[in-house]
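You will see two complexes here that share chain A, one where it goes with chain B and one where it goes with chain C.
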Partner chain A sequence: MHSSLSLADIPVGSSARITSIVTIGPNRRRLLDLGLVPGSRVDSIRRSPAGNPTAYWIKGTVIALRNEDASQILVDTRGVF
Partner chain B sequence: MTVNCHIVSTEPGKDNPTVRNHFIIALAGNPNVGKSTVFNRLTGMKQHTGNWPGKTVIKAEGTFYHRNRRYTLVDLPGTYSLHAGSADEQVARDFICFSRPDITLVVSDATCLERNLNLVLQVLEITSQVVLCVNLMDEAKRKRIQVDTEKLAQELGIPVVGTAARSGQGLNRLKNVLGDMVDGKIVTSPRCVVYDQELESLVQQIEPRLAIYMPNWVNRRWVALRLLEGEFNLLNHIPHNALMDYPRGEIKEDGALCLL
Partner chain C sequence: MSAISEQKIPVLRELEPLLPANEAVIKDRIVSSIYQQAEAICRQAVKTGKPPVNLDARLDGILTSRWLGFPIMLLLLALVLWITITGANYPSQLLAGGLFWLEEQLASLFMAWGAPAWLYGILILGVYRTLAWVIAVMLPPMAIFFPLFTLLEDLGYLPRVAFNMDNLFRRAGAHGKQCLTMCMGFGCNAAGVTSCRIIDSPRERLIAILTNTFSVCNGRFPTLIVLATIFMGALVAPAYSSMLAALVVVGIIMTGIVVTLFISYLLSRTLLRGVPSFFVLELPPFRKPQLGQIIIRSLLDRTLFVLGRAVVIAAPAGALTWILANSFVGDVSVFTRLTSWLDPLGQIMGMDGIILMAFLLGLPANEIVLPIIIMGYMSAGSMLELDSMSALRTLLLDHGWTWITAICVMLFSLLHFPCGTTLYTIFKETRRARWTLLALLLPLILGILTTLLVNQGAGLIKL
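And now, the complex of A and B:
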């Protein structure tokens, strides 16, 4: 069973592992191309003053995601340090 | 070194291959991997380099000579994929797919290879004439990252050359590999991504039916996969001149499934 925790929920400074991406079509493709693939580790590193978007560290690069997109990415924080 | 600019021939394969000595090389890669530095090193040009998104907005061209061959190098915008999600990606994709470069040289960042290999595999789905340049090897060494370029070449089925373009390291080898490739001394056998059975069987149904709609040098497997993804817009980018009886409107309105 997947946790219902999404990337948008994890606090700045914490890390998680991607379990699934719940969107389809070009949006899903785009996220996968940016390196957001299941099994990958993501670090939430910075949030913009308005709270949206948030910058994430993924596979060696900083990627900024809107909360709408980040909430499509389900994650697991257990065992990720 | 001679600096020059040329109009890229859209039909490089038209000439007799035995007498050709002018080759087109497409330079692709993720943003911020030192692609423009490789371009400048190879051509002796001083194209502006810097690291902000979308820097190389249009494709830049330069020429270099090596072992009595002339090469036109086309610097494409840096992209993470070839799915035409942005203007940059579309420029890069259209050039690799439809301008028939003799070789596509993919530049990647040795410090985050995993991220970069996504684009490499996408390029390999379009063309087998690919050379991988693993750049920033100096940076990787500083970060204690070792890249086994030989193993990588084996896994991908294409030549892999490690470089540190800022200092010029590895660039002579890169030119030799490009030369060996156009001379036919290197033959690639690229790793092909195989999808699940359902998808593959759809591809098998669509692929042969595409033959009448496009010239035979267009990679029909790749086009079939894009149509299955719903990228119908792609059909409008296939060059007109080679398509005498191309029923554009028909495909556009009916979509990919009418081909089944």
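And now, the complex of A and C:
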């Protein structure tokens, strides 16, 4: 589970499982509230015309995160398809 | 006590994560278990799809695509404005005809009654005529523009605009939600400023508040549309005139967006330094628009609201303008004295004293700037009756307007002080006189500089 890969790194069209969230405080809570909890699956579905932010498919909704914020979320791409 | 801790009974070890130092861990566990529970229930009850491979995804693929995202945004904006300009022309003439016919009836009623000239002046030439103009010029464009804009909102297009544009706001050091407050500003700047509450970070909220006035609001759209129609439209063959007029209005809106980004960039690197805070944007599924609701909401909530506000403010402003134009000190009216004092400044900005006076008297609401300009010209010269766009064009041309004048008025309409309601709202939201003052001075200085540059530049290359 020691992965340094973040959500911002995974290519569009691929999916990953969240391992941990690096940020703390209210931002962490907001991510958790969106369903970005360790263990859940996230699909990267599209980038905005300028490449940032990126839209993700999280538990049935489409949510866009700036790449700076997405890099706070560590993921594991093994065993997810 | 010591006996217990030495024994390290299992209960205590289990309680360890509950210590204050481990607060984050316990919160994570709570949220995770809530989600696990919810997912377990969900799995039993609902069949969910994989990532959206449906119409929504395909639409998003086009609307937010790398090459088409921005062109589609511009095209939709231009289309909405083109429909507005083309569609508003005829009903506008019809309304003007009707309202000025009514004026004649009222005038003969006043004659028959033997009313004093000043009362006739204030009520008919001041109040009624200004109101007639506000209604004839503003109602048709609003009644077309607002439903179209509400339709785009209802479809769920606005979050896609925010998704497309966020990178620009991020680079300007602004919060992603500022794109949404900016869009709200296209409706009404006061509402736009209030909507800045959705931004949590005080720094980014202030940037959004201070730049909201660069969104062309409802009160200013009619002025821009009318001026673009009668001046820019006349530059090309009639078949293309409303298209060109629409493009000019798009240009002004785009200028406003560029200024928003530029000023946000400057503020986030000087007065309001800092890094953008966390931003999440949900892209909800597209919805089938509810036409009935759109029409009711846009006509009642927006069109009638804006028109009502314009009427309430235009009535006293019309009376005041008439009184100023008809009270004489020596043989010159107070209005003429004031406007000739403003005239030199107006001239170097490509406008004139009456136009600047109209912007000043229009402080309570931008809606009445054009009617005051018209009143100013009419009371200064002969009292001609305006019953169509072409009469308005003749009136403006007679007072020395060129298309450069029109451009300068449009730019100054974009870049001057926020209206009174917006300023009051900014004060209420920031609770600081200095931010309110900055919100007033920032666009004003920009506006003076811009019109000055445009006018002098046009003079240099002899346009």
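Just so we're on the same page, the second predicted complex is superposed on the first by the 80 of 81 C-alpha atoms of A that agree within 3 Å, B and C clash if a C-alpha of one lies under 4 Å from a C-alpha of the other, contacts with A are read in each partner's own complex, and residues count from 1 in each chain.
One rule holds for everything that comes next: a contact is a pair of C-beta atoms (placed from the backbone, for glycine too) under 8 Å apart; a residue touches a chain by one contact, two chains touch by 3 or more.
Not measured: the values here are computed from a predicted model.
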Which of chain B and chain C A:I24 touches, first, second, both or neither: second
Larger contact residue set on chain A - chain B or chain C: C
Which of chain B and chain C A:D69 touches, first, second, both or neither: second
Partner chain(s) touched by A:S48 [first = chain B, second = chain C, both, neither]: second
Chain B versus chain C as contact partner of A:T61, first or second or both or neither: both
Chain B versus chain C as contact partner of A:G39, first or second or both or neither: second
Chain B versus chain C as contact partner of A:L5, first or second or both or neither: neither
Residues of chain A contacting chain B in one complex and chain C in the other: 29-30, 33-35, 59-61
Chain A residues touching chain C - in the complex, by the definition given at the top: 15, 21, 23-24, 27-30, 32-35, 37-40, 43, 45-46, 48-53, 55, 57, 59-66, 68-69
In the complex with chain A, residue positions of chain C that touch it: 24, 27-28, 31-32, 35-36, 39, 48, 50-52, 57, 60-61, 64-67, 69-70, 163-164, 166-168, 170, 176, 276, 278-284
Of chain B, residues touching chain A in the complex: 32, 80-81, 83, 85, 109, 111-112, 114-115, 118, 229-230
Touching residues (chain side chain A, partner chain B) in the complex: 25-26, 29-30, 33-35, 58-61
